[in-house]
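Note that subunit A is present in both complexes that follow, paired respectively with subunit B and with subunit C.
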Partner chain A sequence: MTSPERLRGAAAPKSHNARTIAALTTNPGCSRRAVMDAAGIDKERLAAYVGFPARFGQSQFAITRGNVFEAQLKADGCAELLRLLREVLGLPIPQVSYDDLESVDQLDARADRSRELLTRAAGGESGTLFDHPLLRLEVGGRWVYLEPDLIALQFGGTFYVVEIKSFAVIDGQADGTKVSAAATQAAVYVLALRRLLAEAGHDPGLVSHEVVLVCPENFSNRPVATLVDVRKKLSVLERQLARMARIDPILESLSPDLTFDLRPDSSGVPQRPVAELVDGLGQIDARYSPECLANCELAFFCRHEARGTTASLGKSVREELGGVPSVDLALSLASGAVAPADDQEEAAAMLRFAAQLRSECLS
Partner chain B sequence: MPTPVDVLERRIDELRVAVRQAVLAGDRAQATALRAELRRAEREWDDALDEFADQTPVPPLLPIRDQVHNALTLLGVPAAPKLLIAVHEAFFAGEIVGARLTSLRRDEERSFRAAPRQRPYYLCSALTADLLAPARGLLAVSTWPLDRRIVGPLSARVDFLTAAIRIAEQAERHPGAERLLRRFAVNIPGATDSSFADVKPEVVVRAARAELAVHEGADRSHREAAAERARTQLDDAAQLFGSRELQRT
Partner chain C sequence: MSALTALARVSAVSSGVAQRIATVRHVHLSDRPLVFIPLALAGEANAPLAALVGSSFDSPQLLVVLQPRNRDERFAFAARLAAVFLSYVDSFRGETETVPAGRNTDPRERYVDAPQILVPNGGGVGFVRLLGRSTRFRRTEGEYAVEPSVPLLGRWLTFFAERAEYPGSSLLLNMTGALGMHWATGQSAVEDANLAALVGWIDPPDGMTGADAALEAEDPLTWPPAGPATDPTFDNEILAPAIEAGSLSRLESALRRQLEPTWELMWRGVSLLRNLPPGARVERRWAEDRDAFTGYASYVDEGGYPQARRDGAVAAAQRLARLERAQVLYDAQRAYDDPLILAEYRLTGEAFAGTVTASAPDRIDDSGKRRVLRPRVTVSSSDPVRFEPGVSVVSPARPSQTGRVVSVSPLPSGFEVVLELSGGMGRGLTAPPGSVPEVGERLTYTTLTESYQAPAAFPAREETPWTHGGPPVEYVPDDDDAVEEWS
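Up next, the complex of A and B:
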C-alpha cells in the first residue's frame, strides 16, 4: 500500500479544473489515470519527460482571446454582463452585487469564503454575482479543488452557473462539440455547487440545471447569452463519478516504494532515470482507447504501450473482439492458422468471414 | 489643454480682426504695427507647426501622475487603468502610456512610505469593504474621502453609473467623448433609444440617475461602515494603499 503523497513526491499537487474532471469521466475504468489524478501528479510533465509529450490543450492564441473577451464582459462593474443577464434572465435592476472571491490569496481561505458567501446567499441573504468561487468535488474517493473560471449568479433564490467562452455563435448557431464540451464543464460546476449547498443543509435543487453560456456573436466582440440545459450531462457525470473506481483498493495493490517524483535538481531539471518512471507507469493498469488522445496527457505513452492490442483500435473493435486481446491473434484466427478457444468462437467466425470478403474484394 | 499652435491660431485671428478695424478706422500707424505683429505670429505659427510634426508621437504634455489624476478627478470614482486611458483620450490632450500605469501605484506607495504627505496628492488604491485590502486594478486619489475609495459589493455598479453621469455632463463640450459615452450608455437601461443610434447626454444622465437611486443607499451604508473600520484599524499608509493581512470581521 502506498499513498497519493508518496506517489507524487515533492512536487506540488496539480489542481483540477472542470475540463480535467469532464475528461476524467470519459475513461472511468482506467486505474492509471485515476491514481495519477487522485495523487495530483502533473501528467503533462511526466509524459513529456518520459518522451511522449501530449499534443493537445488550448493554443496560446485561444487562451488570450478568451481572457480578453472575459475581461471585456467584466469591465466597468460587469456592465456588459449585467445587461445580458437582464435581457436573457430578466435579472431585476436592484440585483447588481458583485463579490470577487479571488481577492483572497490562500486556497483554504478562498474555499471557506466561497462557502460562506454562497450559503449566505442561499439562506436568502443578499449577493448576486460571485466571481471565481472555489469549489470542491469528490473524485475517486478524494476531494479535489476546482479552480473554476466561472461566475455563480443568484437571484430569486435560484443559482445559475455563468460560463464565458470565446468561441463564436454565428447566426444563432455554435459549433456543437464546443457547446457540448462547455456544457459538460458547466455541469461539473453545477454538481459541485449543488454539493456545497447540500453540505450546508440547503436544497441542492436551488442550483438550476440551466446554465448561462456567454459567447461572442458573429465574429464581433458583441456578446450573446443563451441558456443551455445540462440535465443530461449531469446525470452522465453523476453516474460516472459514482462508478469511478475508488482508488484505495488500487493503492493497496501498489508497491510501497513506487513514486513518480521526478527529483528535480536545484534548477528544476528532473534527474530521475526515465526507465524507472516507465517501469512505474507499467505497474498501474491502463485502459487505452483512442478517445484518450483528446482527453488524457498520457495518451501517447499509453498508445505506444498498447500497440498491437485490439483494444487500442477503439471501443467498437474491443466490443466485437471480446476475448481476442491482440491484433496478432486476431490475424491468426482470421487466416485459420490458430484454432479458436471456446470463448473466441464467435469472434473467430466473424474474423474468418471478414478475411474472406477482403480476399474476394482484392482478387 | 491648448497646444502652442492653438494659442497662436487664436492670436492670429485676433490680430487679423484688429488690423481690419485699424484700417477701417483710418489709424495707419496702428495698422502698420499690428501688421508687423501679425507677420511675426504667422512665422511663429509656421515654426511651431514644424516642431509639432517633428515630435510625433506627441509626447504627453504632463507627467503620467498628473494625467491619471486629471482622468480620476473627472470621473470622481475609483477606476481601472483601461478606463482611465479611455477617459484621458476622450477629454485631454496627449496619451497615457498604458505600460507606465502598471508601476504607478507601487511608486506612489514607495514615495509615501519614504516621506509621508510630501505631495499634494497621491494616486492610491481603492479598498475592498470586507478585508480593507487593495481592490485589484482600481486607482483612486488620496484626497478623496475614505468612503469614496471603498468598494463594497454594490460599488462597482454605483461607480459605473456615477462615472457615466460625470462623462455625460462633460460630453457636451467634448465631441471626442461621444464614443466613450456610448459605451456606457448601451449598458444602462433607458439610456439609449432602441436603435442605439443617438446618444443624448441628458438622457444618459437621467437614466443613470434613475438606476443609481436604486443602489445608492445600501452602497453608501456599506462604504461608510467600512471606512469607519479602516479609520480605527489601519495606519496612514494602509488607509491609502490597503491592508495586506486577512482581516475578517
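Up next, the complex of A and C:
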C-alpha cells in the first residue's frame, strides 16, 4: 500500500480545474489516470521528462479572442449579459444586483465569501449576478477550487451557471464537440454549487440542471445565450468522482516504494533516472484508447506502450475483431496458426473467414 | 468499421504498410481538380488567414490576409479567391451533351465535365461551407458593398459543401476521407485524420515503415497541420510577430512554409488514387454530379436566390429522404463494383458466393395463367448462408436478373442454394445464351439492390402541415443578411 503523497513525492500537488475534472469522465476505466490525478501528480511534466511530451498548445489568438469576448459581455456591470439573461431566464430588470467576488484576494477567503453570499441568496428572492465566484469540490479526497464564469440567481430562487465560450453559434448550430466540452465543464460547476448549498442545509435542487451557454452569434461579436441541459453529464461526473474516492484498492496493489518524484536538484532540474519512472508507470494499469490523445497529458506515453494492442487502433476495431486483445493473436487466429481458446472459438471462425475473403478478393 | 477493415488494420500493423480495403476506386477523380488548402485564424469564426489554391501541382497560388481580424481584408481575400475559383468553375461550362428523356424526365443538356474541389480533410469541407455562408448574402451596392464576385463565390461554395454531404458525390472531396475509403492503416481513425500520417502509412518513404512515417508526420515542424486549424506554436512564435510587424512578405513566406508540405501531400494523394482503376459505376455517379452542376449553374444564371440559412420543414424532409436513398444506392453500387466490399456483406450473411453445380435454363413455370421462363440454378457455397426461402437476391454479374431463394440445404461443408431466376433473359420462352449462369460459373448473390426506388411523397411547400410550423414564409434575402457583421 502506498499513499498519494508518497506517489507524488516532494512536488506541490497539481490542482484540478473544471477542464481536468471533465477530462476524468472521458476514460473512467483508466487506473493510471485515476491514480495520477488523485495524487495530484503533474502529468504534463512527467510525460515530457520521460520523452513523450503532450501537445496541448493554445494559440494566443484564441486566448485573446476569448478574453475580449468575456470582457465585452462583462463591461458596464455586465450590461450585455443582463440583456441576454433577461431574455432566456426572465431575470427581472429592477431587481438585478451584481456582486463581483474577485476583489477578495486570498483563495480560501474568496471561497468563504462566495459561500456566504450564495447561501444567503438561496434564502432570498432577488435577481442577482455573481461574478467570479469561487467554489470548492472534493476530488479524490482533496479540495479543488473552481471558478465558474458567472452564476445568476433568477427571481424565484433558482441558480443558473453561466458559461461564456468564444466559439461561434452559426444559424443556431455550433461545433458539437465544443458544446459537449463546455457542457461537461458547466456540469462540474453545477455539482460544486449543489454540494455547497446542500452543506448549508439548502435544497441542492435550487441549482438548475440547465446551464446558460453564451457564445458569439454567426460571424459577429454579438452574444447569444442558449440553455443547455447537463443532466446526463452530471450523472457521469458524479459516478466518476465517487469512483475516484475509492482508489484505495488500486493504491493497495502498488509497491510501497513506488513514487513519481522527479527529484529535482537545487535549480529545479529533475535528476531521477527516466527508466525508474517508466518502470513505475508500468506498474499502474492504463486503458489507452485513441481518444486519450485529445484528453490526457500521458497519452503519447500510453500509446507507445500500447503498440501491438487492438485497442490502440480504436475501440471499434477491437470490437470488430471479437475482443481479441493483441494484433499478433488476431493475425494468428485468422491464419489458423494458433488454436483458439474456448471463449475465442466464435471470434476465430469469423477471423478465418475474413482472412479467406481478403485473400480471395486481393489475389 | 467492418470486421474486414479491422483485420486489414491489424495486417497493416504487422506488415508496416497500409492495406487495401477496396479493389477499385470509388470516387471520380478529375484530370484537372482544384486543390484548395485553407487556413483559418484560431479563435475566430472561420476567419480566413491564408489559402493555397490551384489546379496544377506546379502553379499553386498563395492568398494571404495581412490582418485577419479586419472585415474589409476578409472580403478582399474572398474576392481574390473568387477570381481563381469562379474562373475554374466557368472553365467547365463549355461543351454539353444531350441526355435523352427518361421515365419522368424531359431531355436535357448536361455539361460533359464538371469542376472538382479537393480539400485536405473534413475541416476543409467545413471551411468551404462556412466561407460560403459568410459571403453568399452580401450586397454589391450600398452600405458594406462587396465585389460582385464575392456573393457569387459564396453560392458556389455553398453548392459544393451541400453536395459533399450527398453519398457518392465527388464534386467536393476531402483527401483523408477519400484515401481512408481505399486503405486501412495500422493506426486509429483519430490518427488517420492527419493527412501526413495517413499518406505516410499508404506510401512510406524508402527504408521507413508506415508507423515510422506516421510518427514523423506528427511533428508539426516537419509536417505542419493540413488546416484549417494552425499549429498553436506557429501562431505564437511566428504568425503573431509577423502580423504585428504588418509585413506582407514575411507573412507570405511564413504561411507558404506552413502550406507547401500539405500541397505536396494533396498531389501525392491524387496520384495514389489515380493509380487505382475506377469502379464501373463511378462514371454513372459522376454523371449525376454533372447534372447537379449543370442545374445549379443555370439556376444562378436565371437569378435564383442564394441558398437559405436553414431549410424549411418540407425541404429538410425531402433532403433527408434524398440523402438516405442515395446512401442505400451508393452502398449497393460499391458492393457491385468491388468484390472486397461485397465480401463485407458475405461476412455478415447478407451475401454469399459459390459455384453453379446444376442449371436448368429452359425451365418453364406453367402454374399460372401464362407460361413464363423461370430457370433454376443450384449454387454450392462454403459461406455461412443465412437466407430463408423466398428472399430475393441479385448477382452483380447480372444486375437485371433477380433470384428467388427456393431452398437452402446444408452440405458436409457449406450449403447448397437453389435459386429461381427471373428477368434479364429477354421476352421469349428460351433464355439467350449467357443469360443464365452455367455449371461451373462462380457467382456472388446479395440482397443489396440498386434497382430504382420511388422517392417518398411530401406535401408541397405551401401545404406544410401545422405540426411542422405551417407554410414557411417565402425566403427573400434582406438587409439583415447583407449587412451581417463579420468581425
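One rule holds for everything that comes next: the second predicted complex is superposed on the first by the 326 of 363 C-alpha atoms of A that agree within 3 Å, B and C clash if a C-alpha of one lies under 4 Å from a C-alpha of the other, contacts with A are read in each partner's own complex, and residues count from 1 in each chain.
Note that in this section contacts are C-beta pairs under 8 Å (C-beta built on N, C-alpha and C of every residue); 3 or more make two chains touch, one makes a residue touch a chain.
From a predicted model like this one, the values you see are computed outputs, not experimental measurements.
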> Of the two partner chains, subunit B (first) and subunit C (second), which one does A:D328 touch, if any: first, second, both, or neither?
Replying inline: second
>> Per the contact definition in the header, classify A:L293: touching subunit B only (first), subunit C only (second), both, or neither.
In response: second
>> With both complexes overlaid on chain A, does A:G157 touch subunit B (first), subunit C (second), both or neither?
In response: neither
>> With both structures fitted on chain A, tell me whether subunit B or subunit C touches more of subunit A's residues.
In response: C
>> If we overlay the two complexes on their shared chain A, which of subunit B and subunit C does A:P53 touch? Say first, second, both or neither.
In response: neither
> Once the shared chain is lined up, is A:D76 touching subunit B (first), subunit C (second), both, or neither of them?
Replying inline: first
> Is A:G282 touching the first partner subunit B, the second partner subunit C, both, or neither of them?
Replying inline: neither
> Where on subunit C does subunit A make contact in their complex?
Replying inline: 1-11, 13-14, 20, 23, 41-46, 130, 133-134, 186-191, 220, 230-233, 235-236, 239-240, 309-310, 339-340, 343, 346-347, 383-384, 484-487
>> Applying the document's contact rule, which stretches of subunit A touch subunit B when the two form their complex?
In response: 75-80, 82-83, 86, 93-94, 96-100, 102-104, 106, 109, 126-128
> Which residues of subunit B touch subunit A in their complex?
Replying inline: 80, 82-83, 128, 131, 133, 135-136, 153-160, 163, 184, 186-187, 189, 211, 214-215, 246
> Which positions of subunit A touch subunit C when the two form their complex?
Replying inline: 55, 57-66, 166-168, 170-172, 216, 218-222, 290-291, 293-294, 308, 310, 312-314, 316-317, 320-321, 327-328, 330-331, 334, 350-351, 353-355, 357-358, 360-362
